[in-house]
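Let me give you the structure first, and then I'll get to my questions.
As written, the chain order gives the labels A, B and C, with residue 1 at the start of each chain.
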Amino acid sequence: MSDSMQFYISTLLIYLFIDIMGVLGLNLQFGVAGIINFAYIVFVAVGAYTCAVLSLGPDYAGNFQHYAFGASWPFPLPILAAGVVSGLLSLIVGVISLRRLRSDYQAMVMLVLSLIATLVATNATGLVNGPAGLATVPQPLADVLNLAPLEYQWVYAGWCAFLTAVIFLFVRGITNSPLGRTLRAMRDNDRAASALGKSVTNLRLMIFVVGGVIAGISGAVFVEFIQAWSPGSWLYPETFVFLAAIIVGGAANNWGVMVGTLLVPVGFLEATRFLPQVFYDGFIEAMQWVCVGLLILLFLWFRPQGLFPERPSRFQPRPQAQPAARPPE
Amino acid sequence: MSQLSAAVGFGLITASILSIAAVGFTLQFSVTNILNLAYGDIMTACAFAAYLVNRLGVNIWISLVVAALFGAVFSMLLNRFVYFQFVRRGTRLFGMIIVTIAMSLVIQNVLLAIFRPTFFSYHTSPGASYHFGGMIFTASQLGIMGIAVVAMLGVHLISTRTKLGKAMRATATNPGLARSCGIATDQVIDVAWLLSGALCGVAGVVLVLNTATFSEVTGATFLVPVIAAAILGGIGQPYGAMLGALTIGVAGEVAATVISPSYKDVVAFGILILVLLVRPQGILSEVASAKEVAA
Amino acid sequence: MSAEGISFVLEVNDVRRDFGGVKAVDGASFSAQRGKITGLIGPNGAGKSTLMSIIAGAIKPVSGRITFEGRDLTGLPSHRVARAGIIRTFQMSAEFAKLSVIENLLVAPRAQKGESLLGAELGRMYWGRDEQALVDRARDVLDRFAMTAKENELAGNLSGGQKRLLEIMRALMAEPKMLLLDEPFAGVNPSLARQIEQYLLDLRDEGLSMIMVEHELAVVERVCDPVVVMAQGKVISEGSMHDVGAREEVLNAYLVG
């Protein structure tokens, strides 16, 4: 296999794993717990920014970029910090906005929050270097490992695969447990869940924070790979790519949304990258977005449960002596 | 001081544009209970429709009428063949908001694909300037304010004086009851979307008239102040939308002059978030809480 | 609290609630006895459902007191009221549609080990045993209501009557001290309705207290004793169905509506 082919595949794998991490987090919030978080990408961004400034070293006069809280923390501390900061921010946002608003109002609050976040990041120039964003973020352990670029990429892909597996097991631990069941119940009918004694607000807040932590970690891992991050990297429509992956793959089904991630952000968007540029540069991108929108609509119409629907738990049948009575109609 | 009165003047223009848009938006919500987040993109589409006609040499004010017609028909068809179909299937509230955002993505990017990522403007001139106190208005801007007044009066008259208006209000308050009173709610909803779609179209064109250049994101960017105005005044209440538009329009321009230009958006965002969190039912609403009362 | 050997498990005292000027509940007071099915009847708009929602904690009263087993529950949110032992069923089906029937039942028990984040992550080793006990209990309930065959069916696919049964079964899994039933027979076919009636009577005989809002007076007569009559937001009469049915104020209330 040629070197450039290897570069392409390893990059694709890294993108795939990072997207899967992000989608698993959003799936927890949206697919399992029914929290609409149109601002998800903001928490990814916060993780990325945190990791970036904690790896870039302190800011200094004459630096080409200006940011707050610079430090030179060694790997993997910036990633952990990213998770913590995103988690804290999720806590604050959750406490403020996860009130009993009707669900589409709640969705709008999140959407507007993401727009405000973009405004702040772009205009507060000393914070994360405004519209230009941050660059030259060092790759973790690059000087320790001392590898050729291609080898480093494969190692990084392996690292992403490992992290993804950890996050997958963590998320699955929730969804396969009584907690997962309670969350799905709350999603399906929060009044009934409350009437059975479940504290809906606390559960939602908890999952919102957990999802935020995962989002932050995925952002951190991403920025350590592409080494740059700016407001253009995380505009609010990005959340809809993740959402499309969830809707197509199958909300609340962890394997389903991973397939959805393979199909939508990676498969579809990657495949169309190779189409020749027609009409003008950027036409293909515009059509990609049209297709993402249409994909969401088509699936919501024809197969809202996704390719791999959610599967309720089944229990070992007990040794049955007599046949069960016929249920009433 | 003259800066302040000039700012108020700008505020009145913005409020005029906002009120046309916000009343349309709130009307759609009142009869179908949907927050149509594609509204801004339909405004853009109508602005483009006017642009095409205008490029053929037609006067912009006539093109505006064409845009209004386009907006009316497009919005009505959108509701009938997309939104209503999902609602009929039992799609829940947050499912509908995803549907409207998906439509927004589609419309915006289709416009981008057709017209390319560049800026456009109308073939028109602002006209002479007029001074009122410390405020300065061009003839165009006076025209915009005039249209806003006419539109608001029209909505008021239709709503209160005509059978259609009463039917719309009945459908908005209680569709089931309206139906059992013999009101053809389906047709009323169609008409409501025609009307609000026309307002959407007018709003799109006057928005562009006031901002000189536009692109495929112009309408979508304007949507936040529109929603802010609609919700501030009480979603579903046309008079509330007018009040909200006035507040946000003037407050935004004053903030832009007094503090800094980038604060214009912040005011709209800030007001919207505050209202959503503190009093989601808006100022003029009589509902005790934001439509989530149990039992 | 007891008087003459009657034990009152729930006391509602002068509760008031209005919506934008309309007085839905206007000073309602009554007491529900332990181990009885108390009927809550009255013409349309009397405030019965609103009062039920207030007792269940879904709506806050503007004034008044609600005491359950001596504990003041006034103004507590619904999940707290549920934890105190009052479980309600809803007028319109409130099943967890994407969960299976048995999963619906398994949601109900309180304080499950696997419901905390840490507990969930510790895995089956930690919560598996309790879970199996709950599964066994749920299966017993399914057997009792003849729904065993539907164990793995998605709750959203059940018929209207089956969903009603599901709500009652689910409420039972929560081990309630009192059940609030809001029109439990609405939309259910007559033969299933009779079965549900019998289940409720059996549960009452086993000691479960219930309050039931019901429109059909024939059903109330068969199932409820005593009966509380509401009109225009107030309680206008209490007593057995026989006594109450003869009282003038009650007849007037139904005529005036």
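Throughout what follows, contacts are C-beta pairs under 8 Å (C-beta built on N, C-alpha and C of every residue); 3 or more make two chains touch, one makes a residue touch a chain.
Since we're looking at a predicted model, the values are computed, not measured.
**Q** Between A-C and A-B, which chain pair is linked by the larger number of C-beta contacts?
**A** Here the pair linked by more C-beta pairs in contact is A-C.
**Q** Of all the chains shown, whose C-alpha centre falls nearest the centre of every protein C-alpha atom combined?
**A** A
**Q** With centres defined as the mean C-alpha position, give me the subunit B-subunit C separation in Å.
**A** Computed from C-alpha means, the inter-chain centre distance equals 46 Å.
**Q** Just give me the whole-number Å value for how far the CA centre of subunit A lies from that of subunit C.
**A** Chain centres of subunit A and subunit C, defined by C-alpha means, are spaced 41 Å apart.
**Q** Approximately how many whole Å separate the CA-defined centres of subunit A and subunit B?
**A** A distance of 33 Å separates the two centres.
**Q** Would you give the residues of subunit A that are in contact with at least 2 other chains, written as numbers and ranges?
**A** If we look for residues of subunit A contacting two or more partner chains, we find 191.
**Q** Where does subunit B touch two or more other chains at once, residue-wise?
**A** Residues 294 of subunit B each touch two or more of the other chains.
**Q** What parts of subunit C, by residue number, touch at least two of the other chains?
**A** In subunit C, the residues touching two or more other chains are 58, 78.
**Q** Flag every residue of subunit B that touches subunit A in the complex, lowest number first.
**A** Result: residues 35, 37, 82, 85-86, 89, 91-99, 101-106, 108-110, 112-113, 116-117, 224, 227, 262, 265-266, 269, 272-273, 276-277, 280, 290-292, 294 of subunit B touch subunit A.
**Q** Along subunit C, where are the residues that touch subunit A in the complex?
**A** Touching subunit A from subunit C are residues 56, 58, 77-79, 82-83, 87-88, 90, 94-100, 102-104, 106-108, 110, 112-117, 119-121, 123, 127, 131, 135-136, 139, 143, 146-150, 152, 154, 159, 161-162, 165, 170-171, 174, 189, 191-192, 195.
**Q** Any idea which subunit A residues touch subunit B in the complex?
**A** Listed in rising order, the residues are 36, 38, 96-97, 99-109, 111-113, 115-116, 119, 123, 191, 237, 240, 243, 247, 279-280, 282-283, 286-287, 289-290, 292-294, 296-297, 300-301, 304.
**Q** Show which residues of subunit A lie in contact with subunit C when the two form their complex.
**A** Residues in contact with subunit C: 170, 173-174, 177-182, 184-185, 187-189, 191-200, 206, 210, 252, 310, 312-315, 318, 324-329.
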